[in-house]
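Structure incoming, see below.
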């Protein structure tokens, strides 16, 4: 590992140590977990704090997650951030609830869950459907064939939220547009579809072959496969969570129309910053369009011509003129 | 697996009927393939599920079948030498990792070699445990799979963390292997898009199989006949197979049984390693933890499905890859269309059985065919979960129907001690 | 010959050290080998193995860790016993994973079902346990039936059934079917069990605020039951006999098909219990994170030589490694060495046992050979007669 | 050494060294001396027979000659040259070939594949090899087709394939370990024709058999091995089979004879029209009927492989069969093996390792095997371990099982002691009928006598016995009535009071009926 050793010993300069526990998949998934990592990176740089990231194991139980959180808080990390709803579990006895109870003086945050409540717990959630709405609109505006696709890494409710927003956005632009959804896996195989680029590519090629010309992927590590398919077919793809134009291999950049930004990095950074300034607020903070918690990326310049239209939609959502559904029409 | 021994007590009693005389002759085989093709074309035309025979579906089916087929070939080599290799999954993992690692640093071809070496190393470990130390084959295989997961992650920690795009769970992007096309075939494009009965289907299949083919796909496809040739047409293969059929006899004729078992298992690992390379360097251009997704086991199932023969194994892998590709590409629509295909197939089998006066089997097949037909007619999609399980259910059903006609190497899975 | 009184030798006398010693040394040797290999891995990544092991020991023996280790071993133990039941008769139940996921889901759904509102918590717990065992047995039974009627290898069928079972779980665990979604949560689970159907913990470890899960009692019962079944019942004898020598077992009157069925059903039934500790004692609902112990269980069963006590020790060791590995991350040591250690331990242990068995068998034969002074070949030679 | 016999093989081709000479060969296995100071000399171009009891060490000696293991002492000379073999390959290289007691063939291979395996260098594995096989086959009149699948061949053909395998490698010395055990008479005759043809071509044949009339018919010289050592070399023209048998056993045949009849007229087992078929419908046991009375021993004589093993397994309920089996007045035809055992069928299996023991389990658990539902091993659903241990100690004492204790694994005992344990176990449950297959196979003379004594005592007490044995003296001595089985049918009855082993032997090979 090329990381510097844990700096507990080097002077009393840093007293605040930030702990972060990843979801399965961990750092390097180029989307969700990496976004959290980017936030932590900023914390380290901008706030000059000590940080510690712990990875999750495959097949771990709620109790392992609790152990991880407790290990962080008992080792003096405060605040502690749990990345992913897997840390929620039961709202009274799940890992984050128990950890918050066991370490009442530590401030916790959990990402993607609003069901667990504790006085020392902040719930950082995102309006993914709103961001997805905008990229859905972008897809519809760019589509020449009138057919666009959606690929989810795993058939679970969180990902269905992306689908719902995307469909709504596309239909808002073109009521008769065809949106093909597909999922790479289910919880049956522990959502292996987040880790299988080959499957992502196959699914995307299928969509392109059947006439879609823009595909939005919310498939974590399988997303590269989708980009590769777009590259091979000369079509467009939409990234997710972080600005994937920035993180992708150079030859894949030109197929990335935009990315739906889920600013986990912002949320992480903001939470740590607020906490440091004594502005910790327990309970849910929704990172939506208004709060710049979700959005879309513009790097690559492919959206330059339609940016104004998208911003219009954005404003309407912020103003409450458009309510974006968070469940797809057909379950 | 001793329990099997008593289920078919002593030779004779309730043992399965000998399988002789049921290997298909070439014309019969071609006829069957042609029949299936016509049926498929008909179903496509009827249902409008054009993806059934599209070039993309065919390519995806190949793509999905090849790692399974390579794992299956690996299983074949080991089991023909009498060793069950359930550690194929672990050897696939080694393949994905080493392929990506060496591919990243020294180019794709070195990656392929490294993947083969990595898989072979896993095979060597299995051979050491099972052949030299006489450990139960399943036990050793399971241990190797557990080990491979840990080793890959540990090595990623050392080798990928800190590289651009790399981490404990994935490698940086790996350069691609070359892809080739047979000249002229891509011009069938127009014909395929006409959606004519049979003609367009053929065009789609040819395009899928002969254009934009990765070098590894070609190698993998060649390995099937090569395996057949080596195992069935050379002295080396004869000796290797004799270790799986009757090692005592082989030993009495001066064959060094241990050595040939080692060969078989190490080659088995190497083939699985190549399958891993395909996953991390062709099917995707990146190593990811968990990428193998149980393909090693499916490969084993394909091998059993194929009756421990390279050709049968390849068809098993293709069948699995095809259902998998369809469900991935078209979601439930294509799989739904496959219901109709299944209904037709069952109906044909049923009628055939009725004609042959095997009334019970025939009646059951016809009834099931009708039920499937009704299912097709009354729905327009299948729940995603069942679509995803389709390949596994298919495998199980086929095994249940055919396993009594399968013939594994007689000494497969048994511990062998020299002079014992 | 006259009646002979049973040799009432004490237990200690019956122990045969020449036979036992290799078997006791084997796991120790294997562990040392595994530790050595992980040390090499550590040295390669520039870490001090001794420091790593000592911090693991430190962390792994804290009261909280002890509780966690006991809780983990509860699950490990039950799963490994399920696997071991099959192993004892040479059946490979690789499907424990699918069996307990399906079992836990159905049990959780029924346990929380409104039509049981009248039932007291205790009754619900009993019902949950029974249903889980039945469902687990049923799913294993599919593989058993395929094996005895169609000759399908249980290795392949249970692997397929794992996946198919998982898909059924995925299908049922949606809000359209058995699932519910708490407000603000992204997780779909079965409805939460009523409070009185929660199994309370046991404050077993002083100095820890958390309790050992009540289900540990069931694990102990499973262990005792397994021990009793194997050593003290006819069924257990038949099971062992089938595993040791299938043809001899058949000649002794064991019905091979029925034994396959019994063993698989029993194995599946026990597998059905694996997820209940978490369901009743922690999560109180089925969530998709249940599962994944199937392979671990195989490793543990092998490590424990399929014996009730051996599996218990192996579970504790495995749990200790899993728990203690968490500290490594904090110290910037790759915790994957633990998986490597687990894998090498299993491999080294089976090899070591194999060698030990060979050694002790040879020693036995020599001993018997010495005890029974062979009538030398020339003893009878002098009785030979010459034909005319 | 006891070679007070006529000097061995007459120095025929004087000056010419013997094709094979073994001097002072000793081979030890843990716990047993299989060969002790053995001498053997085989003349070129002759058929040399080796006879001896089960376990006398014949196969061990031949394996030594074939390089499958090294002798602990002694030397091997081929054509007068001293050789040391590290592997069969080296033996093959100097022209020695062996056909093993048990077929060494892969069923799923073709004849060609079976033959060329290990000798691919000679003619490859393709057309050239097939041609060569046809050639040899024709030269020696073997009639072997290289392209058929092994499993489609009968035993006679298999035997010829084994021989061809050896000839293909250019062997000049052929070792045949009990080649006739599984053959029917016509096949034996054909085989012998083949062998004579081979010697005419100058090959040397070493031939092991238990069937003395065959040995006398075909051999040019005979060596007798007893308890691991050579006791005599004789000329077949000068001995009778009875003398030969006496040499083999080492004393006047230990007498199993039971002359006072205890046969009652109460039927205890009657079998009607019993038939067993293979999966492809061939009958292995074909319409067999007989009755055993209380106190009666019914012996079944037959060359191995004529259905006797299947018959016993069918009566035990271990094999699907048609027909009726009535045990003590109760029709048990549909019962499971366990129910039949509980109803009073005892079983001494033919292959104790495969069907009688758990080799890794201690003696006391082996004592339970087969009776795990009965006292003293069980009470209801529970095992009675203490009771079983106590009773095991009793069996060990009263059946003279030589063991350091009842906790040693059964696999550590010698075969004879294992057998005594099995007999003791079966007798302990006072079976109404005992099905005994080769109850004294591989057992030393003392133990043999003890086992006979146990069977006789139980018979006096009213037990019925169905006895199968390859040892004709045992069969004649113990039985009250004899049946001869041939190709799954009872072809003849014989009276043990008058029949001689020679007559019985003839009847078994269905050549000529014994005079009654």
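Here the chain labels run A, B, C and D in written order, and each chain numbers its own residues starting at 1.
Keep this in mind: a contact is a pair of C-beta atoms (placed from the backbone, for glycine too) under 8 Å apart; a residue touches a chain by one contact, two chains touch by 3 or more.
Keep in mind that what you see is a predicted model, and the values were worked out from it rather than measured.
Simply put, of B-C and A-B, more C-beta pairs touch at B-C. Here the spacing of chain B and chain C, counted between their Cα centres, is 31 Å. Averaging Cα coordinates per chain places chain A and chain B 36 Å apart. Each chain gets one centre point, the mean of its Cα atoms, and the points for chain B and chain D are 46 Å apart.
Counting partner chains per residue, chain B shows two or more touched chains at residues 9, 16, 149, 157-158, 168, 294, 385, 388-389. Counting only residues that touch two or more partner chains, chain D has 318. Within chain C, the positions touching two or more other chains are listed as 45, 163, 167-168, 170-171, 245, 247, 249-250, 296, 334.
Which chains touch which is summed up as A-B, A-C, B-C, B-D, C-D. Interface of chain C with chain D (complex): residues 1-7, 14, 16, 231-238, 240-241, 244-245, 247-255, 361-362, 364-369, 371-372, 374-388. Chain contact summary for the complex, chain B toward chain A: residues 50-51, 54-57, 59-60, 63-64, 149, 157-158, 160-162, 165-170, 173, 212, 279, 283-286, 288-291, 293-294, 325, 328-331, 384-385, 388-389.
The residues of chain A lying in touch with chain C in their complex are 1, 3, 5-6, 52, 54-55, 58-64, 67-68, 70-72, 75, 85-86, 88-91, 93-94, 102, 112-115, 123, 125, 155-158, 186-190, 284, 331.
Within the complex, the chain B residues that touch chain D are 9-18, 20, 233-235, 238-239, 241-242, 245-246, 248-255, 407, 409-410, 419. Within the complex, the chain C residues that touch chain B are 41, 44-45, 89-92, 146-148, 150-153, 155-157, 159-161, 163-164, 167-168, 170-171, 242-243, 245-247, 249-250, 256-257, 259-260, 295-296, 298-299, 302, 334, 336-344, 346-347, 350-351, 354-355.
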